[in-house]
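Next up, some structures in structure tokens.
Here chain A shows up in two complexes: once beside chain B, once beside chain C.
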Partner chain A sequence: MKIKGVTFLELLIAVAISGVIFIALFHLSVLAGKQINIYIERYNVYSQIGYALEDMSARCPPASKILTPFGSDVFNRHSLVFLGPENLRDIKPYRGTTKYKYAINTDTKALELTTNDDKTEVLVDGKYRPEITFTRKANTDANFLIVTIKALCSKAGQLGLPEDVVKAEGIKFWFIDVVRPD
Partner chain B sequence: MIAVMLGVLITISSLMLAFFLAVANVSYIVETDFMSKAKKNAVMHSFYVAQLQYRAKNFVAPAASHPPKKLDTTAGYLRKNGNGPYNNLTYNITIDSHENIKSQVKIE
Partner chain C sequence: MRKTKGLSLLEILVAIIIVSIIAASVSAAVIGGYYMLKQAEHKSRAMSIAHVKLQEFLAKGYSNLTANKDYHGTEKVYSGNETDISPIFETTRDNTEFSWYVNVSNGSTNDLPIASTTGSAINIPCKYVEVFANYTEKNIKNKIVDSKSVRLFNVVPYPQIHVLTGQGQFFTAALKKKHKAPKTNGKYSSGWSDSDYHWKNITSPATNVTVFRYPVAKNFVLMYNLAISYDTDNTPLADDTVFTRCLIDGHPKGLVTRTPIESQIFINNIVEVSDIHKSNVNRTISIEWAKEGDTDVYLREFDVSVLAVENR
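On to the complex of A and B.
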């Protein structure tokens, strides 16, 4: 039986075609990897903001005293300090003494929860440059606040997605008002 | 040709095996996440009810040395993920003589 071989030209063409295919596949996989990374980053930002808002909506309502109250002319704050119960499953109306502070750390730029001035928990990483605003709207209940957290997902622009991720939640305090009368 | 066919067959069968092995874990993770979320929401809801009753003076602290007062409430039925059976979600809120309000959530 006669075995048919390949010519040198055929071999060169085959190598060239497979090279093009491999390069195309490589670029496709790099592109897909980049997109996956961007989506993972956006998901991280979303879940960290969600976690922070969830923590606030559980910790703030049973508060017993606000140490950074809103006044008749103060409608926005970028940090919130208050006293509340130590254990969120054992509330003490009007008598919680544990100090909580939600604020941006000026060094790390992270959104942190500080308990009793010594224990710190990072809620949103500093690399996402989070911003937090506690807003009291005029003509709403004196015990109601809106918390807005904005974070930056810088890579999202590469996919045409908005770079800012913003989430907001309303919080109603049970035992106290957030406004201190003048 | 046979080697290529064998390769494709092995790849497909390993992918299918990995998928079927992962299904149980994924469902467990989703179920656990769902239950913990449901419990957390129930705790928040129970405290919401408790503070309303407390401020309305319907849920007052017992006298010293008396056992804590209870407020048993049911939050209704909770559907398991994936159209499974229904579970009854109940919580009981207690207030002791020091006016400490506690909540216990139970899913049957």
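On to the complex of A and C.
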């Protein structure tokens, strides 16, 4: 009887090669999984930052008074407190009395919008460690400032991608100057 | 007798090659995904830069957007990099360099694509603001593989309402001497010609505040106030008066005021002027005055305010 099969050596070689390939495939699938997670996390971070900036670019322009103190015409602030209209579809110049505050909550680390000191809306989750800066540059118009929001996408570091996600928006106030609070 | 057949080495190798090809394509997809993520990141950053710069330039308004010193100029380019955005932007820079530039140019609503579909009723001058954010994509070896650009465009139309103000103060003795009212040709009579008043311009020392140049036709409501004083050693007669009038490009507009000197040392007038035609050269508003009698009359202060509304 003649039985034809693989030799032991051939089997060993085949097992070794396929082992390497399967290990590589396993790592690739893990990597692909991480990538999907990173995509999801970054999408969430971008969405939340985008939502926060959109909220600011709608709420800030009709402000009637800025309550955040600042001493010079070039500054960086990490919060903005101002008076504005209660209803953004019913704007009366200079007459908004609703108090708004954009700031990081020191307990939850979230970027929040607080209205009249009691109602709070989370704009960027605390788990993303958001940072916000209101910047006024020299030689720009007195009613203009730049808002920059940075958030941490911690999983991105696993793939060698930058962990910081940053977006900026320019805001022009319609009725008041940011360098003159009164 | 049963014949048992196993796999040959060739078959195993073929299987290994097929599996390798699959593994290679999966790894290519993973690496490609990594670069896509980076590219999306860069594009988002470029969009942020372009958007901030666009908003910054739109905030300047029509008058402060300088296309060129000469109104007929075509284009002015402003440029910079990420450091012009905010400190956070600077601290989160990677090895990709971003730069921006802004073109400001003169245009008109009739040149915009919408004009051809809706039909423009009036040709409104505008400033075109075009922002570019440029950056370069690099490969894994840090070599530049692609140059990319994000372009945003917006229009700042000429505003419908303009306010023009100017004033002058002449409190010192030297200035007081210079701003003395000229004496008319005797007492006023209804048959007077223009030369009988001996008009003198009060606004000429401060021409910069009474010069205008509007690229579309306007209607004016022009208001001016004069505060005067007189020589108290030689008080005016009760019927001595001060005359004032307003001129545009040397042509009288509106009424001539006639105000008693002694009882009314504050003079005001409102003049409405229709259809101030568009102009690309400087035009002037001037206020002139004259007085009756021998008493010296001095100008202490004046202010001129113009509400200019687009003539449609």
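In this text, the second predicted complex is superposed on the first by the 145 of 182 C-alpha atoms of A that agree within 3 Å, B and C clash if a C-alpha of one lies under 4 Å from a C-alpha of the other, contacts with A are read in each partner's own complex, and residues count from 1 in each chain.
Just so it is clear, a residue touches a chain if its C-beta (ideal position, glycine included) is under 8 Å from a C-beta of that chain, and two chains touch if they have at least 3 such contacts.
Here the structure is a predicted model, which is why all the values come from computation and not from measurement.
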{"item": "Chain A residues touched - chain C or chain B, whichever exceeds", "value": "C"}
{"item": "Chain B versus chain C as contact partner of A:Pro62, first or second or both or neither", "value": "first"}
{"item": "Which superposed partner A:Arg95 touches (first chain B, second chain C, both, neither)", "value": "first"}
{"item": "First (chain B), second (chain C), both or neither touched by A:Phe75", "value": "neither"}
{"item": "Of all residues in chain A, those that touch chain C in their complex", "value": "1-6, 10, 14, 17-18, 21, 24-25, 28-29, 31-32, 35, 38-39, 42, 46, 76, 131, 133, 135, 137, 140-141, 143-144, 146, 148, 150, 159-162, 164-172"}
{"item": "Residue ranges of chain B in contact with chain A within the complex", "value": "40, 43-44, 47-48, 50-51, 54-55, 98-103"}
{"item": "In the complex with chain B, residue positions of chain A that touch it", "value": "57-58, 61-62, 88-93, 95, 174-175"}
{"item": "Chain C - residues contacting chain A, complex", "value": "1-9, 12, 16, 19-20, 22-23, 26-27, 29-30, 33-34, 37-38, 41, 44-45, 48-49, 51-56, 58-61, 64, 84-89, 92, 94"}
